[in-house]
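The following pair of complexes shares a single chain, chain A, combined with chain B in the former and chain C in the latter.
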Partner chain A sequence: MPTSSTVDLKLASEGAAKHEKAIGIWRDSFNRLLKNKMAVVSMVVVLILFFFAIFGPYLTPYDFLKQDLSIRSLPPSVEHWLGTDYLGRDVLSRVIYGARTATLVSLLVVVLSSLIGVIVGSISGYFGGKVDFFLMWFTDLNMAFPNLVLGVVLSVSLRPPLSRWMEQMYLSSLNPVFRQSSLLDLALVVAVIVLVAWCPYARLLRSQVMAVRNYNYVLAARALGLPTFTIVTKYIIPNAIGPVIVQMSAGMGSAMLTESALSFLGIGINPPIPSWGNMINEGLRQWTSAPHLLAAPALVLGLMTVAFSFLGDGLNDALNPRQWKG
Partner chain B sequence: MNGVLLEVKDLKTRFRSRGGLVYAVNGVSFHVKRGETLGVVGESGCGKSVTMLSLLRLLPPAARVESGSALFEGQDLLKMNYRQIQKVRGGKIGLIFQDPMTSFNPVLTIGDQVGEALIYHRHASKEVALKRAIELLQLVGIPDPEQRIKDFPHQFSGGMRQRAMIAMALACEPDLIIADEPTTALDVTIQAQIVELVKGLRDRLGVAIIWITHDLSLVAGLADRIMVMYAGMIVEEAKTEEIFDDPRHPYTLGLLSALPAFQAEKKVRRLASIPGSPPDLRAQPISCPFYLRCSYSIDRCCLEMPALQTVRNGKENDHRIACFVNIHERSTVA
Partner chain C sequence: MFRFILFRLLRWLPGVIVLLLIIYALMFYGGGDPIQIMFSREATDLFQPGNPRYEALKEKLGLNRPFLVQFGDYVWKAFQGDLGLSLSDGRPVSASIGAALPITVSIALAATAIIAIVGIPLGVIAALNQNHWPDNLILSSALFFWGIPTFVMAPLLMVLLCLQFPILPVPHGWSGVFTLNAIIPLSVAAIRPMALVIRQARSAVLDVLSEDYIRTARAKGLPEWVTITKHALRPVLTPVVTQMGVVMTNLLAGSLLLEIVFGIPGIGRLIRDGILNSDYSLLLGCTLVVLALVTLTNLLVDITYPILDPRLRQAQRGEE
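So, the complex of A and B:
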């Protein structure tokens, strides 16, 4: 064919001029994120938190459990940068270890709840109809419960049977893991928060999926005879996940808050394992005489919540460039 | 060579809408032979695309095929179970869509998407699929395919995306390709390239093509046979030359006179248009859908629905129209 060679030539020149290194959609979003100052600062704060959460126990100046009753409730000093608490423990070490608790809980919460939310939301959004109706009814039902009250009821009612079960498991297996009540604390706190926290993810993804499933490329994928699972996981979810990532960042902050609230009420992470929530509780008893005991964990908690929230905001702008008003 | 590949009989598709049922496709019957190219022509909303989506059962949830059959290689597409129809989609029948800009998943590379179907239909490994994707892109005339398979769709121009989509449809060597206005979103020079490309591929691969378009002149050089649709019905069907030389239906005649004539010696004239607008498809058709816009209409047209009848037997293809009037006799009178 005479025409085909000219066509090829034309395309070749066009291709050569335009060709640049392939930049994926995620890389592109990340570049946009780096242009947002608040988001970058927040990201640094979050990274510092993660750093301390991972390496904290090797960096703390003192053992977070070591008590010294001769130096009770001291104000900040050169030896103890954030002072000591009512049992003479170093507050800085406890705040750092508390970062580990907070990060572990909120990461687990966010991963588990977004996973559940993504599964429920994508099934609901893609199949629609009765499946959608039932799943969203269930989600709404779940969301209608007051978050904290449900958490209190569940953790209080689940703890005794679970600790009995752990005791039995210990007696039958003699595995010391079953004697660690902190593990039970952690599992309960995570479970209780996840139970409610997955709902917004499900709703969010459902609405996104309902929009994306009508896109042409989904029809094109169906016309190729690709299985439903592939279409949902490769064609729909990656294009619908943006808002969920934003929600995950905001969710980290709110999971930290909820964990602290539960620990503050004495039904989350129990002393002596430090959590910012139970440190606030302990600090509250003597805040008039030793305000730093309250201030240290409260400020860190506040800072982290704000950082995650700003990071979420930055991600929102980065992942939805069309809405960007920069 | 000329076995019948696809035979559609009395296909009726309805949409549920707030304003009641929409009669989108009203008893369409046609066939496609192996290796043949069928042009389907009609204006927007005349049921061309819906007919083809009905065949592959890719209709939106609000639409339903009410009756009819579609025998493809002896099996009824409309009665197949999910697994069987999945094998046909992409495996036996490839679909090319109208808008290449939105028909690719932005998060997957071109190579992934072109090769994807092979993984499911031929159980190919990822490497084999990518290798085949390179061959396919080469076949459709994309330069430097080894590099370009790593590109994302936004790095392709419209024309190249349409080429890639053709490659995608060809991946599993289908017997039939349905091209749904594949050149509408492209500019004219690219349109010509795509038509040439498809022509070349058809001759090389012997694949049958249903080419849907609203542009009669586009399929003139491409199709063996042309089917003109109006308001969800076939109004005329004949060999391409006959459609152009001897149109029998007033609507086809109207379409043809609306084409610009490129003849230097001819006097410049205003392009003719067909007065009026297409009928509301929410009413069940009981009369000829075209009679209100037709300058040849007789009383019978608004009382009865004309059936598709053979007006001339051809060697291979009959000339069929759905009209009561013989426009040759009428035009001498008028």
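So, the complex of A and C:
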């Protein structure tokens, strides 16, 4: 039986080796990512999106809400680069503000769903047994059915209780924040997408944890009598998190897609707050007379989801080089 | 074989019922009072809680019963083809679904056929040219089209092919799979999930090509095309078929959005109507139908792949 100090020493040297190797892996992966041209282009596109999401309101030529009924549904011109919509609002300003909506929703979704996924996945992977069986059965079920249909059901049935709750909060606090329907939309859309999107993270982390939990250093930590919580959070999760980062990039794209699909159906972000989805829906009403109303948000949304899909693929190749390039 | 199917059914059925229970509970507790939704157009106090007519109607519709009794009743009737009455127009939900379902299913089946006919050869071509330009081209265009949402692709194609270069009639409504109107909807439906099949077929071919028996076939001097068509292609089908469940989920989700864009009177349109009118019984019925379609596909996949792969027939016998 080794004394605790020798184990510490062994742990420390193992940890140091691991650390050095980890830097090597990350730098190596980053170099591989830079070699993938599509991934680099996608990264630039995503950075431009973030730029517009943060600074958009200072860059828009007009207020995205300002209506001018004398200039309804105009084609693109020098004053209005992308034309105006059916209420005479500037389409370019609305598309730029839509970047903010899309980014806000998808960032919140990715953070929350990966958090839930990491918690559920590590519980499932570390403890195994019945808990694991039940959780995996449930995630299998969730992943087998169309996210969009589950999202529709959730958002239609969660809206009335949530709006009742917000009304009560308003009455008890008189804080006007609770009267804003845009806040209700945002909270609802994020909650709905998180509820359908956490499962892939959980599965991913579970398989990682199952691989990591039998490593010697975890065994050593257990032998030292560390509490389970410390073992999981300090030794297992950091070593199992890599693929989750890849999934986050793909997840960001699909969250953006689901948000705009729900908004397109009229149960996500509602007008007048612009979302690319509800702009496509509005554009569809007069697509023969003013196709630019449809084309502008559709092209931008398509560009973004394609960029995230190429970026996710590039990250996947860079971090798991053996996987699908054969 | 019968016992095997039963076994597989038992694997899927509890999950579907639990999922349905969750959805039913969400609508039951979150959705709002069905009677008030039914009569929301008539501005009257007659159908408010406390009014005798309201209470009588509630009694008649069985809405006084406990939650689980109502759920059990719903499932029992659903098995007999009765999905209740629509809250917005009072028509039986099963009648609306009966009219819409064939359209959605025919879109899904036609798209599946396109996916199989185009996707599998593309995957094979990609694998045979591994890491050369045909491979790169096929893989990146698959990834590209996988990235574009259905409701982005559909209107853009519509603007491009009906407005900018008017070579196709404006697709609106539905008059069958083999009409000009169906070209744009079907290709949009097929192109996104096709990426899944292409990837799967490609990696399956790559796996097979490294097998010993392919080396043997090549070593005994068979022409390359005989080696490929006779020995390499058959095992490729199995992994592609197992992918069909995922393809079907994506097809259905895509077809819902597609139907709204093109005004096709399928399940997607019904779901949209249900959303617009807060018609919970219609929504519940449509969700149930989508769940049933996905389950059926997965069941068919489970049944088909032992037929395609003899190695799995052994495993199946072991399971019985």
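Definition applied: the second predicted complex is superposed on the first by the 274 of 326 C-alpha atoms of A that agree within 3 Å, B and C clash if a C-alpha of one lies under 4 Å from a C-alpha of the other, contacts with A are read in each partner's own complex, and residues count from 1 in each chain.
Keep in mind that, in the parts below, a residue touches a chain if its C-beta (ideal position, glycine included) is under 8 Å from a C-beta of that chain, and two chains touch if they have at least 3 such contacts.
The model shown is predicted, which means the values in this text are computed figures rather than measured ones.
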item: Touched partner set for A:Pro160, first chain B, second chain C, both or neither; value: second
item: First (chain B), second (chain C), both or neither touched by A:Gly128; value: first
item: Touched partner set for A:Thr305, first chain B, second chain C, both or neither; value: second
item: Partner chain(s) touched by A:Val152 [first = chain B, second = chain C, both, neither]; value: second
item: First, second, both or neither for A:Pro238, with chain B first and chain C second; value: first
item: Partner chain in contact with A:Tyr217 - chain B first, chain C second, else both or neither; value: first
item: Partner chain in contact with A:Gly225 - chain B first, chain C second, else both or neither; value: first
item: Chain C versus chain B, contacts on chain A by residue; value: C
item: Doubly contacted residues of chain A, that is, touched by chain B and again by chain C; value: none
item: Chain B-touching residues of chain A, taken from the complex the two chains share; value: 1, 3-4, 7-8, 11-12, 14-16, 18-20, 22-25, 128-129, 215-217, 219-227, 230, 234-235, 238-239
item: Chain A contact footprint on chain B (complex, rising order); value: 56, 58, 61, 86-91, 94-95, 97, 99, 102-109, 116-117, 120-121, 141-144, 147-148, 150-152, 155, 157, 159-160, 165, 168, 171, 193, 196-197, 200
item: Residues of chain C touching chain A in the complex; value: 15, 18-19, 23, 26-27, 29-32, 127, 130-131, 140, 143-144, 146-149, 151-153, 155-156, 158-159, 163-164, 170, 199, 202-203, 206, 245, 249-250, 252-253, 256-257, 260-261, 271-272, 274-276, 278, 280, 283, 287, 290-291, 294, 298
item: Chain C partner contacts - residues on chain A that touch it in the complex; value: 38, 137, 140-141, 144-149, 152-154, 156-161, 253, 257, 260-261, 264-267, 277, 280, 283-284, 287-288, 291, 294-295, 298-299, 301-302, 305-310, 313, 324-326
